[in-house]
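The block underneath contains the structure these notes are about, expressed in structure tokens.
Chain IDs A, B and C follow the sequence of writing; residue 1 opens each chain.
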Amino acid sequence: MTEEALKDLLYKIADDQLILGHRNSEWTGMGPLLEEDIAFSSMAQDKVGSSLAFYTLLHDLGEQEPDTVAFTRNAEQFHNCQFVELPIGEYNFSLIRHFLFDHAELIRFQMLAECPIEEVAQVAKKLKGEVKYHVMHANTWIKQLSNANEEAHTRMQESLNYALPYALGIFEPSQFENDFIEAGIYPGEKAIETKWKENISKILTEAGLTLPAWDSIEAVYGGRYGKHTEHLQPLLSEMTEVFNVDPTADW
Amino acid sequence: MYGGGQVFEPSSTNNDLLKDEDPKKLAEFEARIARGEKIEPKDWMPKLYRKQLIRMIEQHGHSEIIGALPEGTWITRAPGFKRKLALMAKVQDEVGHAQLLYGAAETLGKSREQMIQDLITGKSKYSNIFNYPTFTWADSCFISWLVDAGAIVNQLANARGSYGPYCRALDRICAEESFHLKYGHHCVIHLATGTPKQREMMQEAVNRWWAPMMHFFGPSDKISTHTEILTKWKVKMATNDECRQQFLDMYVPKIWELGLTIPDENLKRNEQTGEWEFTEPDWEEFKRVINGDGPCNKERLAVRRTAEERGAWVRRALASKTKGEEYVAPMA
Amino acid sequence: MSFINSLDPRINRLSIPSEFGASFPEQGEKDQFITYEVFVQPKENKAFQHEGIVHAPTEEMAFLFAKEQFSRRGMNCSGIWVIKTTDIQVSPITENGEDIYDYINKEIMEGAAKGENEKYQVFQLMKRGKQHIHAGELDAHSPEEALWNAKNKFAGDKPAFNLWIVKDSVILKIEGEEFSDIWETLPDKKYRDAMDYKATEKIKKFKEEQKA
């Protein structure tokens, strides 16, 4: 497998984590209840922290410093799926996104923990513990809230329906899909997607939410290769506003 | 408390509260405090003690949650990974402090819902300094370092107070504040010793924030029988002037060593008395801002209200899970 | 309609009407949750210690909240127990440094409703003003019997000032092998630690440059 392929994989993971962590941090100080404000902020920090871990791996492969990579690229240069760049919306959407994304992330990290590339396996092994808590958090919230009352149920179902096409975009195949599978890096996006569908439908059923037929949903692809919604560039401009006052300065 | 001055207002009702107390119980209570023992929620306490503590701890809690806003402003714009992670954690801590403080106040019998209600309806106050805007990244650095430094002066004093749950919350809070202080100082050092543009940003922030910072500790305390008793009960642990002096003593040299100018020509340490001298802060402005006419009062409350309103459906839904189970005050 | 124009882009995205909250009605129904007491084990084989409370609708959520409010810092955490506040039986608190165990005698069990023999956990307050610390567990047919048994098992040279007794079956325990990995990255969260912000060298260098 080529280094180019490995970078392709690491970039999409890192960019997903950074953009979703950034988005979720918008709730810090404005959450629906104090304790949840704190918990959600921790998970946003975990995401930004793990993006840093992957940018560091990329730096070791010859890419630029993590700060430079994260704070100076334009939208077309980002490899995150469109799902993570969508605005935070109401709490129901942020929760559903957290649930759908972190289930995929947990499977991804579990698979990468077995990766023959030692450095990648190490990072994945470490991070899967914190993502396990994220998934516990998400599962509990989805189950508690979705059957609490009609208002909550409706909100959760609507968010789920809206989120699913984007969520399937997480698994947009890489141009190196076969290389990964052949080299045993991880079993590939299709394999994550299959396991993911199994895991989330179990929880969603317990929560009393309805999962539409999978073949009725069209996945939103494009993010992995620079095609983004109108939301990403403004997010990046905001994120880099201070950094770009002087990118060479030590902040 | 996060800033001083406006907490202890003597009133005739307060004196009445004290008159009916059982003298024997009152004597035992005061003896316990004199021995340096903490008062715990289930212990007997004078009504006035309870009332003043609730008010003080509640205001402290409000200051934390509102204080999360001016710095939270910069979360999505913090320059670089290190700053981004730290600021997220710092603002998160402030929300956590509110949670701890509300918990301590709850042990005295006021529910958290009621406290939050009193905050967003404008019935209770929070630290005045958070009614000022953070125009640039450097403003947020000023807060992280120096406003937190001021808060620490206050909080360390209060941590020696008499009410157990409040002291325990403050111990935890002070441990976290040391991160805030170091982080804030680190940020300011980088700006002040950085590029000309960075230096300029930092100096402008100091210029903007010095007056609110001097207001932070409140006007000189009027000594009355009322404050005397709160001092004796170890509710009030230091005067506003003591706190301000301690702050100046610890931090003015640290600001100066970074080549920053403090916008007060009269600021100097009197070598004879060891006291800091400064231009008397504009207390009319202080009063005006406390009474709602500051640059950000409206926004701060509106944002807090919006957060409460947007989260209402979540709390309503979850509360239905515990229908029939009664809320009781927490234990310690 | 005009909106609040904030310096905070997050707030501008909320589109808060400028007039918002001119009047804010008192809520009819309070959405106050019940509270759970949180106990944290800082390290394997160390005693659980009371850390504070969280407001939560269920014990699972209480745990989710407790973890981030009370164990997001430090080098280690190996377990969390959450207990509904109303599930904890509290002894009186003693005066003048007296040992609470001196007040517990056999008669305490008279008239106590006898239930199944089951496991109880005991927490002691060893210093006024400090936290309650887990002393250990015992079997009893009632909370009263648990107090009596606690005296026989845990009374020592040092006085305890207050006791909390809880049925083991009502405690939500997140601990052990199965959960140890959720705290694994704790030591990596250096950015939450004051130690990670040293800058004396930078100041020194700056001062030297100023002098030159």
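As a convention for this text, a contact is a pair of C-beta atoms (placed from the backbone, for glycine too) under 8 Å apart; a residue touches a chain by one contact, two chains touch by 3 or more.
Computed from a predicted model, the values in this text were never measured in an experiment.
If the chains shown are joined wherever they touch, the resulting network links each chain directly to all the rest. For chain B, the chain with the farthest CA centroid is A. Highest inter-chain contact count (C-beta pairs) belongs to B-C.
Chain geometry summary: the mean Cα position of chain B and that of chain C are 23 Å apart. Chain geometry summary: the mean Cα position of chain A and that of chain C are 31 Å apart. Averaged Cα coordinates give chain A a centre that lies 37 Å from the centre of chain B. Shared contact sites, meaning residues of chain B that touch two or more other chains, fall at 69, 72, 75-77, 85, 89, 96, 99, 190, 303, 306, 310, 312, 315-316, 318, 321.
In chain A, 26, 30, 33-36, 38, 41-42, 45, 49, 144, 238 are the positions where the chain touches two or more neighbouring chains simultaneously. In chain C, the positions touching at least two other chains are 9-10, 33, 54-55, 57-58, 61, 69, 189, 191.
Put simply, chain A touches chain B in their complex at residues 22, 25-26, 28-38, 41-42, 44-45, 48-49, 52, 66-67, 70-71, 90-91, 144-145, 148-149, 151-152, 155, 238-239, 241-243, 245-246, 249-251.
On the side of chain C, the complex with chain A involves touching residues 9-10, 13, 33, 54-58, 60-61, 64-65, 67-69, 72, 181-185, 188-189, 191. Within the complex formed with chain A, the chain B residues making contact are 65, 68-69, 72, 74-81, 83-85, 88-89, 91-92, 94-96, 98-99, 102, 137, 187, 190-191, 194-195, 197-198, 303, 306-307, 310-318, 320-321.
Those residues of chain A that touch chain C in the complex are listed here as 26, 30, 33-36, 38-39, 41-42, 45-46, 49, 87, 126-130, 132-133, 136-137, 140-141, 144, 238. Across the complex, chain B meets chain C through its residues 37-38, 40, 42-43, 69, 72-73, 75-77, 82, 85-86, 89, 96, 99-100, 103, 106, 111-114, 117, 120-121, 133-135, 164, 167-169, 172, 176, 178-179, 181-183, 185-186, 189-190, 192-193, 257-259, 298-299, 301-303, 305-306, 310, 312, 315-316, 318-319, 321-322, 325-332.
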